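In what comes next, chain A is part of two complexes: it sits with chain B in the first one and with chain C in the second one.
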Partner chain A sequence: MTVKGTRKLSFATLTIPAVLIYTSVIIFPIIFNIGLSFTKWSGLGTPQWVWFDQYRRILGDPVFWHGLRNNLLIVAVSVFGQIPLGFILAYIIYRRMVTAGRFFEVMIFLPITIAPVVVAILWNQIFSPAGIVTELVRIIRNDPRYVFKIFENKQLAILPILFVIIWMYTGLYMVIYIANLQKINPELLESATIDGASEGQILVRVIIPLMVHIIFTTTIFAVTGSLKSFDLIWAFTQGGPAHYTEVIAIYMYLNTFRYYNYGLGGAISMVIILLSIIIILLTLFVYKHFEKKYE
Partner chain B sequence: MKSFKSIGMVLILLLVSAFLFAGGKAETEKAESAEKITLTMLEYQDVTDESEVGTWKVLLETFYEENPNVELKIDTLFDEAYHNKLQAMLVADQLPDIMFLWPGKRTGQITSSGKIKDLRPWLKGYENDFADIAIAPQGPNGEIWELPEQVTATHVMYTNERLLNELGLTYPKTLDELIGQGKKIRDAGYIPIAMDNGGGWQMQSCLLSALVERTGGMDWLERAMIGKAKFTDPEFVNSLEVIDVLAKNQMFSPGINQAQYGQALTDFVNEKAVYFIDGGWRVTSLVSELAEEQKSYVKLNVFPEVPNTRGQRGSTAAVAGTGYGMHAKLEGAKAEAAWKWIWHYSGPVGSKIRQAEGAVPAYNLEVPADTDILVKRLTEFTSNVPAGYVLDAKLSQEGMGVLQPALQEMIFGNKTPQQVAQEYENWVAKNEPTRK
Partner chain C sequence: MDAIGGVKHRSSLWLLPACMIMLFFSFLTLAPLVWLLYSSFKPHQAIIRNVFSLPETIHFMNYVTAWERGNLGLYFVNSITYTSTATAITTFLALAAGYGLAKFRYRVTGIIYAFFIMGLLITPHSVLVPLFVLETSLNIDDTRIGVIIPYVAFGLPFLIYLATSYIRGLPDELEQAALCDGAGYLQIFWRIIIPLCAPVTSTMIIFAFISNWNEFVFVFVLTSKVVLRSLPVGINSFAGGLTRDYGLQFAALVIGTLPMIIFYIFFHDQIARGFAAGAIKG
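Right after this comes the complex of A and B.
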């Protein structure tokens, strides 16, 4: 066998198993799901071809639109809440603007180490009608029937969950930013200081341009993570009451696994993928703009 | 020299006996393994519930004592996880040999798949040993897919008579009388009716079903299911109006739609509520949570009379309980072994074990004199109170996904009973399999 032939054989031997595994666990399910989304199938028998009926059904369902609205709020809170907050906290600790920075770093990071189900139960214990805070407010107001009405308002019920999401995930972004800030050459910052740059100028002119790439990467994480958020909300409210805190992933789960509408479930997951792609492309557009600016 | 000889003799004797016993044991093991039947089982259990775990342990031990040649390979799951796995197993055609099933729509997908064995041939001759409702047909041709462990009344209005006496009240005869008690109960710092509806199913299963039986009756519901009546009819709207009136008069627990399942029970056990609406299954928890003195004044009632009654007066809603069923592929010794477990669980042995823990078995058993007083009351309740259908046992889960959130919105005051009825009827007319 020639050297070229041997190389080809080695290449094939080394890559084919990985390609096969990847195809069977990633590519095949995606293609299968695309096909499934055009059918009506309860999990038994032959799927019935219905073309775009499932998509039409999703678009005509107010529960989906409310779930989408909640998802977009989570995306907004993640991108415009967790990321700036995580960056600011990382900057404060990195520039040693507080004493005991290490302590704060650990404290802020701590929530991410707790399982989402535990976090949900914990916050539920605090704010539920039998929760500690609710009981306290009842005593203060002398109203034994007091409950937090925010959970019973269709537009506002998602807010406590958004707060918990910020509380839980900000630490993750902070740690990523600290790790990247530490990679910046200290001499660069010293030079800027010697040249008379203020703290604000150092941040805007030196640090942010160097961090654009990682901010973009974390934004992608935040967007994709937000669109598939499920566990925390499921353990918190199961999307209730009356779908008020439902997100698209819960909408998909209920239709697929509780009501056995696999076709509809497939179509919902396609919508989630499409939304992710649109938002990521949007982020990429913004990133390109900033990249050019700082080049 | 003599001692060497005797030591030698002892050693030889030991060796010979060891060989003999080893051989004997090997023979026995060989015989046992030849008859050993291994069955896979998907079991439904809340492993955080100590009393449930304890009962299960006893059930297994007694089964193995009686059937040493049967080995059960058990996989335990609870709630959503159980249903998801069972569904995945069905789709993958890997259903276990024995599985926990529901008589109604909850596992309707599994039981209607043709992969579950009809238990009637085994049950033949024992039908009269069970409560009538327990062996009601589960399949379209009268099939029995699972042998119910108990009869479940989904509506019981547990009453704390000590609090009623303290407030100078008696158990109300009518809805108006009940509502009239509300102010007095609230002013005294108590909850009139403890209920938790965070999951949405509680209001439908534990109150609405019983009310539909009162205002409509089984005959009306059967007609509504096939489209000869509508959910916008007064029969259904009237039942919704009862809940609406109760909510508007602050009769339920505050934050009822936020409260997770179990909170109302806690309030009732802590004597913060005069009435508590839940299913008959809650007696098991009350038996372990209440002190003996408390048990003496906790009574089991049904919801008072409501206006526009067309169905059975003073009725509850009941459904044949859950139980084990077997895979249709099982034949011969394996099927016999699976039936042994099913019969052990829901038959006289298992029923007696569960009865001792507070359950009301579907198998007709005499109530022993030393049975807990609450269990006695539940047995009496189940035997004497007329019962109608439970909605989610008759109508599809997906439809409940429309009805239950609409009920929550009605309790919030965002929808009228007519709107809820219309929304549900629209869905049923378009999607309910019985309407097609």
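Right after this comes the complex of A and C.
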């Protein structure tokens, strides 16, 4: 065989196993799913072709819209909660405003290693009517009959979950920002200080422009990560009570595996994919806009 | 930390709020975990009576009962099997693909790479329904292999990203020299690339290990047999169905958390680096 031929063959041997597994588990199912989403099928018998019926059904279902609202709230706390908080924490450690910054870094990053299922059950105990929050408010208000009942409120039931999402993932963004802040040339900061720039000016004029890129990259990760939230909420509330804390992934799970409507489940999966694409494109659009402004 | 970024501070205006924010966040992180740990040694009645109190005696029975009733021994073994098999396969395949994508410049190389990077943005839930249907029709639902394959597939994009960017930075000269000595590309991969990749390999292994250990949804959806459950799925059954005994629940949570916390204490630096690497080059 020719040298070029061996080279090509080696390239194929190296990459094909990974491509094969990736394609058969991720790409092929997505394509298969497009077909599935146009059918009505209970898992047994022949699927019935129903065109856009399942999509129409989703759009007419208030449970879906409440789930979408909860998903968007999760996107919002990720982008406007975790990212700024993570940045503030990283900045404090990077600028050595506290001693033992390293210790704090290790502590705050810790929750990321704990399984979402464990985190959910732990916090469910804290927010449950017999949990820590109830007990704390009783002590503070001196009212032994107080019971924390936020999960009974349709609009507010998602709040404890949003809080836990911030608790769990802020450390991740902090670590990412610390790693990137440390790449900034220290001379830049020194010369800014010599020129008499204040702490605030250094942050706004020197550091943030250098970090715009990474902030937007993490924003994209935060957005796609937000649509992944299933385990945490499932172990927390299973989407209940009465769908109050449901997100689209749970809506999909229940319709497919509890009510055996595979076509509908397929259609919801398509909606999840479309939503991630739309939100990522929006983020990219905003990024391009900002990039121009900073150049 | 080294000197980078450390700038002497003139005003204490920033220091007090900074310190308070840090203390607040660390407290918020640690307090629930500490509470969980000591509560796991209290019997159910003692938790109901006073959620805050420290255990009067060390009630170790919670652990014994939770371990037995929750089948946690079996789930532990399953989790170790899934996690280590999937981690080993994913890491090896990602190194191989990473070498191919980094050093072989064909027209298709860039396309394949972009194809994998796209996978970073795909959530497992968007393929769950079709994956379940396909696995059922292939009769590999409810098998270990049916669980491990999705673990590997969803681990690949990020590990390939890590491996490719690392191998791209390796000098071409070593490869050229080996070629002159008559070595084939696969030998080069095995004898030169893999040893040179040791630093990134450890990051890859640690990252894959954590995500596979905490993975929930594939076992939850793709298996129904109790003997195939992993630890997170087993612990989830403590969330309501299995028992209302808080002591048992807390003990199960500690059992699920402790291995990762110990792992974290030993490998904090690599873990942080692995997660940070995900966004460094963007």
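Observations on the model:
Rule of thumb we're sticking to: the second predicted complex is superposed on the first by the 259 of 295 C-alpha atoms of A that agree within 3 Å, B and C clash if a C-alpha of one lies under 4 Å from a C-alpha of the other, contacts with A are read in each partner's own complex, and residues count from 1 in each chain.
Note that a contact is a pair of C-beta atoms (placed from the backbone, for glycine too) under 8 Å apart; a residue touches a chain by one contact, two chains touch by 3 or more.
On a predicted model such as this, the values are computed, not experimentally measured, just so you know.
Once the complexes are laid over each other on chain A, chain B and chain C cannot both fit and instead clash.
When chain A is checked against chain B and against chain C, the one touching more of its residues turns out to be C. Contact with both chain B and chain C is seen for A:257 once the two complexes are overlaid on the shared chain. By the touch criterion stated above, A:124 is placed in contact with chain B and with chain C alike.
Touch criterion met: A:89 reaches chain C, while chain B stays clear of it. With both structures placed on the common chain, the touch criterion links A:178 to chain C but leaves chain B unconnected. By the touch criterion defined above, A:145 reaches chain B but does not reach chain C. Once the two complexes are overlaid on the shared chain, A:17 sits against chain C while remaining clear of chain B. Shared-chain residue A:52: touches no atom of chain B or chain C.
By the touch criterion defined above, A:265 reaches chain C but does not reach chain B. Of the two partner chains placed by superposition, only chain C is touched by A:106; chain B is not. Counting contacts by the rule stated earlier, residues 43, 124, 130, 257 of chain A appear in both its interface with chain B and its interface with chain C. Residues 6-8, 10-11, 13-15, 17-19, 21-22, 24-30, 32-33, 36, 43, 88-89, 92-98, 101-102, 104-118, 120-126, 130-132, 135, 167, 170-172, 175-176, 178-182, 184, 186, 189-190, 193, 199, 213-214, 216-218, 220-221, 224, 227-228, 230-231, 234-235, 249, 252-253, 256-257, 262, 265-266, 268-269, 272-273, 276, 280 of chain A are the ones touching chain C in the complex. Contact residues on chain C toward chain A in their complex (touch as defined above): 1, 3-7, 9, 11, 14-15, 18-19, 21-22, 25-26, 28-30, 32-33, 35-36, 48, 51-52, 93-94, 96-97, 99-101, 104, 106, 109, 112, 115-116, 119-134, 136, 149-150, 152-154, 156-157, 160, 184-186, 189, 210, 213-214, 216-217, 220-221, 231-233, 235-236, 238-239, 246, 249-250, 253, 256-257, 260-261, 263-264, 268, 271-273, 275-280, 282. Contacts from chain A toward chain B in the complex involve residues 42-44, 124, 128-130, 134, 144-148, 151-152, 154, 237-238, 240-243, 254, 257-261. Chain B meets chain A in the complex at residues 80, 83-84, 87, 90-91, 109, 113, 186, 189, 197-200, 250, 253-260, 263, 266-267, 396-398, 401, 405-406, 408-409, 412, 414.
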